[in-house]
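Can you keep this structure in mind? I'll have questions shortly.
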């Protein structure tokens, strides 16, 4: 509640247009709005085109559908991550606009209001086994209003492929790098470009990769600075973070 | 080497102004410049005001001085991190402009060319024991041409202090959060603001904090998206990453 | 065996009402009661209304039914945790009073003697995926004679929801907090209330949450004091501990 | 700010005793008090006799003295944990009432207002090497207004000593158990008594105790319920938690 | 090859009963017996009644049957551990004497020669979920010629049950303790008896038991000496070790 | 691009046989060949007989077939590791020459050009459960043009078997050792032979073997030097490394 | 308290030789003796010649001297482990019989009563850096009344040295093996001999030995059964366990 | 003992030149030579010019000198690793030929017989902090008779420096790569060259590098095959392994 609004309320009270109880109720609820940004921040503001994101694992199809239904009135985009085709079929029954991205295992309901699309995000993945996490990152950024360039299978075992992609990557505002095993591509790329890199370690590998630990530590310990690490297999988090960075860039530049 | 440059060389060769050997030498060296971006990227481009950064630990004062001396001709800023006053005294002998930031344990030699200063970065630290890492992040961003707002001691044990700082934080383009122990402030803040958060876990704590592991895992597992994690105690990396994000914002907006 | 009881026995012996063998048998069995508190403590005293608790995993339905049957004569409440509907159907055949709590995966046979219900315990969970562990904590406390207030889905990603719940929480004697991922809610809440918090890390999350390790370390390293941590996913242990604390409060106040 | 207070303010405004600006200022500051409980909660309420607690490690003597000085006007107790005699000497210069507990490595400045002392807390330690952490727990509870019974050196290697102490322990409201190595005493005791146990794993041991990990895991995995675990070597946290539980008991019973 | 045997061979050679080639062949093969103890040690000597032990997991039924068949001529006992009823059915087809121990998941073919049975081994298990590992330990010791006393469900949560068993345990030469979770029973018992304890941590538990790590560390860090730890869930290894200790005792005493 | 080639191009340009654009295109593409070694290095040069290796896990049969088909024109050997019989059936449809190695779970399509076969590699495995990884190592080396001696089941529990194999092993140029559990055979063998040992820890074992960690650490910490460790269960990597070492030996000796 | 004793007490009571209070006191104290075995078990029975063992680390010289003094009346052996020469000098002042074993860092005060010495224990160490732990094991066994054969520097890097020692080792009742790094000697030896092996992993090594973890896991995962593992660097525990096993052997055989 | 030798002995015995006792003694001692290769293998054959290597840490200067002295008669090279200048001064007193390599912290006494020097080994290090381990690797290979090319400071943060070094590296038979932090250089290089790479992870770094764990896991999980990993900071082991590989190459080619 801004002082300005409060001044209006007090005037109304003073003028008898509001009772003491009205003022108390108003202040309390506005107080909640003053504290309650979280609601807006949690759902993520409608005005920014940020989607409601539902983390799929551990939720029944019924629970997912229930949350989706409660969102449908709000007319903004919906994204369900790490979910299944079965859940998609259930969601489809309550929203004909629902699409299923099989690679990422994601359900998307695009906002009708969603019109602007900012360029500037690239998603680079090291191996074919990293593709589903890379796709999760890419569609997250897309649903949040960005155009995404996808560059797959450019791991350092064949580093020339990465060099071939450099001109495109250097045109990005932010680069998402998705890699498992030793994830060396993150620090190699960080040594070659000047924009921030959002690094997603994946659980791709076996043995002493310890479910993604080797990739995670590799990215956190990059000898080149400029690497922002998110959780193992967290494609959504990477797409979200990249969108935040990219939006700042384009929003600021208006 | 751009096609354009190559065309010029071929013209010169064609016109007899360059011998075949000249062309080969030129192409090879330009090739190195074409591949050799790394040199530029490693040192970090002079034009961006990015500093040469020297990681202090494990280097003798002599080694640090040697590297600093080799940089002094290039007239761009120098930063030595996690170093000591003893090393500073040695550096001071070769550069009168050297300053020592005691809190961060850093030596700074500011570039004469460094004139622009972008606003937009805040550094938030959770406890007084996190101050030195927070300061390392702050001066890194400053040396890279940014104005930094420092907000200290706003850990979630007294969450009102964080709320008091929200108006300032919401004016930032990017927020660096420095916290040890459980590092809850990173996810709390990520739920309250819309800009990206660069999270630095610190080794502050004891027992099952396991030298910063609890803070690291806490930040990587933030229930709110928008958190970019760097290595434990890596204040430099956080300042660098924040500068990259902030520079993009202001450079793009020109 | 208290000295008082022993005195009575000796009088009876002295008066010829008990033979030497009677006394020995009595002392031995009472000795067992004197040493054998464990039996009482293990089962947990009938008089306190504490339930016999059977940990479900790794036991066949037959084993569970066998233990339940041996308890049915004692007329006090029974609780089987982390069990299945299949096992419930088997238990139901030997006790028509058995109920199945699907959310918690628990079988409950309420004691007929169970009449008092103490208020004072709240169970707070951070996300919908934490609900089953939260419910396990809640029904444990209920079966032990407590009224429980359940507050779900108040993770720090939308911290206003937690603030909305503060008035209720501040009326509690003890608060159980159930959270996965980084579990920041435990330390945030510990900084806001004055009563003890029983913290249950859950294995909810993925990647570097390492099956609940991030939540466990987060709770153990809370920057605010007043957090009592139990094992990962140990809803029962939290409900039990909270009941102990709450019972002390109300029993003492008589 | 309670509705009642707000009503008074509105009456004053209505009666012209407060201007519109007065009301805004009053609401804002009270708002801060309404959100700002944290300040009170952080320092811990004067009325409860809770001390300001300063975690010693990583702070210079100057920093400690500075914080202590800022507290001296408030006339409530001060506790500095895990500190040194050198720091104590510096604190003593600004407060003649400062005492040094050598065993715990703690500085205490008792509140003049501190008069009530609740009984009900026992501190049990397993070995002589656990004594300093046990003492930290004990003095924390004492400074918070509790009488503490100390029972040392009752590890399970000589379990009869623990049995000897049972009558005293069973008169407690809450028992703090401090143990390193395998910390078996926590679960043994939890199987013998009915009140909650606050368990402090210590880093006492060597080899595969891995700096307290074995004790921590042992306590978290107690086969008997009723064990509340805090961080390794966190005597302060245990004392604080026990005081919260014990205070609830006595305050409620009034 | 003992000198005595060599002398005989040389005499035979000297006497022309053996050719030079005979001697070489004899020495080489006996040499292999002199080096080749391993065969005997690996299979474990027929004369000691030690069984051929086949570790079941990762072997097909065909592989198990093949190894069993190759053993059947040698007339000494066979033990297959951690196997299934399906494999047992296959083994039964080649040996009618095969028995299946369902609790331990073990196949046993007793030696006809096996006649002596040494008393002196007790197997103590903490919870019902530890029973299968305890049984694996027990039958291993039995197949190796020992009488085994089984004492189940005496975990420290009800320590009186352990005390009741002490007279029996004190009559043992060696005690096998099988426990999961925090495994406190190992150190409690080691503080109460004078004979060596072979401790088997089990993977029973959940959460921060980390697949048996808590029990393993608990046993390794026992505050009472006299605890010999084997691998997690290694009932066979414990039974074998106990049999070695017990055999030494009785063999030496002849 | 070698200077020699460049000189030819420049001559052609000079002679008017190439236009400026031709030269640029040529240099750029050759540049790619100069940088682009990676392609050759990644696929591994046709001329060295190195196979295209496809890591099976996480790829659908369709994906594997797709990659195999794109390789079939190149006429060099193909190896698919850690795959299934189902995938083999699919591959067989596009290549009648495909063979399935059931033990290793590998698909092989031998090159028609593959004629030379170098001797010098032995593969030693400790237990029958290590056989599939050992076979993966062996066929990798075979497909790369080596003869491989397989020596199975020579773990240190029966060390005489290892000694029997020493004469064969000492004729090798490089020895691959495949072992799980404590993997002691690697350091024992390294103390007995003079050629390099490529050590493959396997995940064979249970409990505190922690999915191969014990074998991995055992091999990395070998008290005898000369042990080259690869990832847990990485039979392919070991076979590849051994082939590299062996090829160097024979190629150099020509 | 045995029934027999109880019967005597009741007779005395019946006969008026004991009052009711006498009986209660007697039963209670005998009860304590019935429970209180621990005292005897903890100190370890004088009659077995078991020493009082004082773990040195974390105790001041004053504390050590205090404990030693309280033992001196009991006339049985004293052992202080992992202590310093400084502490020895202090102990020497109260007991002229004190000896210092520099290699083990141990103080020994031999019992005058100690006369029997059992043969049968060998201590084998892998490298010279393991010597101090090996010596700690040896003197522990010696002080407990055993003759100990020491065999040093027989690591598997030169396995012939181990074979040379086999005849001596095969004459032992129990063998203590002390090794760091990968500790392969434990499983090699377990495959060669028939008596139990007490394995002490040491923290000798660096890097991925992780303070003894590699040796610990190596010993726990021995592919040959018959290995009893104790804590890292726990020479005392190994000596104690070996003495228990050996004493059983010789005591039983009387 | 070879059959041929045995035949000679038998002839001698047959001819009466040897008694039966002579033959037994001869066979037994030769047996030891047949088993006893270890001595030769341990010290490492004089003929190969392999040095006696003494691991410095945990040995007193006296111990080092003692071992060195016992080697001096054998006239072959000596290498003491990870030692100090103080120890060097002591060694120098018994051998004037001793040299101290300060960077590696190594003492070297070169063999007079050492004449051949094979080329073919390169040592590449990623950062200046890796230099001492790289030097340890280099001098180990040198003392074993190899010429070593050192290429320092070519980490992937400035990948052009690595490309500049490729021509030299491609002339090697084997490349040692020494890197800390994420150690990406190992897999990058493995993707660019065809010879085996010996990878040494170093403990260089901080925070989540966890004393070299990140580099170790990075190297073990290289996405390009051909990487042989040794222990963290094990420069000696890498130099030794590379020398074995290189020696095989040149010896075989004779």
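Going in written order, the chains are labelled A, B, C, D, E, F, G and H, and every chain counts its residues from 1.
In this text, contacts are C-beta pairs under 8 Å (C-beta built on N, C-alpha and C of every residue); 3 or more make two chains touch, one makes a residue touch a chain.
Since the structure is predicted, the reported quantities are computational estimates derived from the model, not experimental observations.
Touch-path distance (fewest steps) from subunit B to subunit E is 2. Taken together, subunit C and subunit F share the touching chains A, B, E, G.
Comparing each option in E-G, A-C or E-H with B-F by residue number, the pair that reproduces over half of the contacts is E-H. Across E-G and A-C, the chain pair carrying more C-beta contacts is E-G.
Subunit B maps onto subunit F through a rotation of 180 degrees [Cα fit, steps of 5, range 0 to 180].
Work out the mean CA point of subunit B and of subunit C, and you get 50 Å between them.
Centre-to-centre spacing of subunit D and subunit G amounts to 39 Å, using the average Cα coordinate of each chain. Rounded to a whole number, the gap between the C-alpha centres of subunit D and subunit H is 56 angstrom. Along subunit A, residues 35, 37-38, 41-42, 157-159, 163, 191-192, 207-209, 213, 216, 220-221, 224, 231-232 each make contact with two or more other chains. Pairwise chain contacts in this structure: A-B, A-C, A-D, A-F, A-H, B-C, B-D, B-F, B-H, C-D, C-E, C-G, D-E, D-G, E-F, E-G, E-H, F-G, F-H, G-H. The touching residues of subunit F, counted against subunit H in their complex, run 37-38, 41-42, 45, 48, 53, 163, 173-174, 191-196, 198, 216, 220-221, 224-231, 236-237, 240-241, 244-245, 248-250, 252-253. Taken in their complex, subunit G has these residues touching subunit D: 32, 35-39, 41-42, 55, 57-59, 63, 201, 203, 211-213, 216, 231-234.
Residues of subunit E that touch subunit D in their complex: 126-127, 155-159, 181-184, 186-188, 190-192, 205, 207-210, 213-215, 217-224. Here subunit G touches subunit C in the complex through residues 3, 6-7, 10-11, 13-14, 20, 23-24, 27-28, 31, 35, going by the rule given at the top. Taken in their complex, subunit C has these residues touching subunit A: 128-129, 157-161, 163-164, 204, 206-209.
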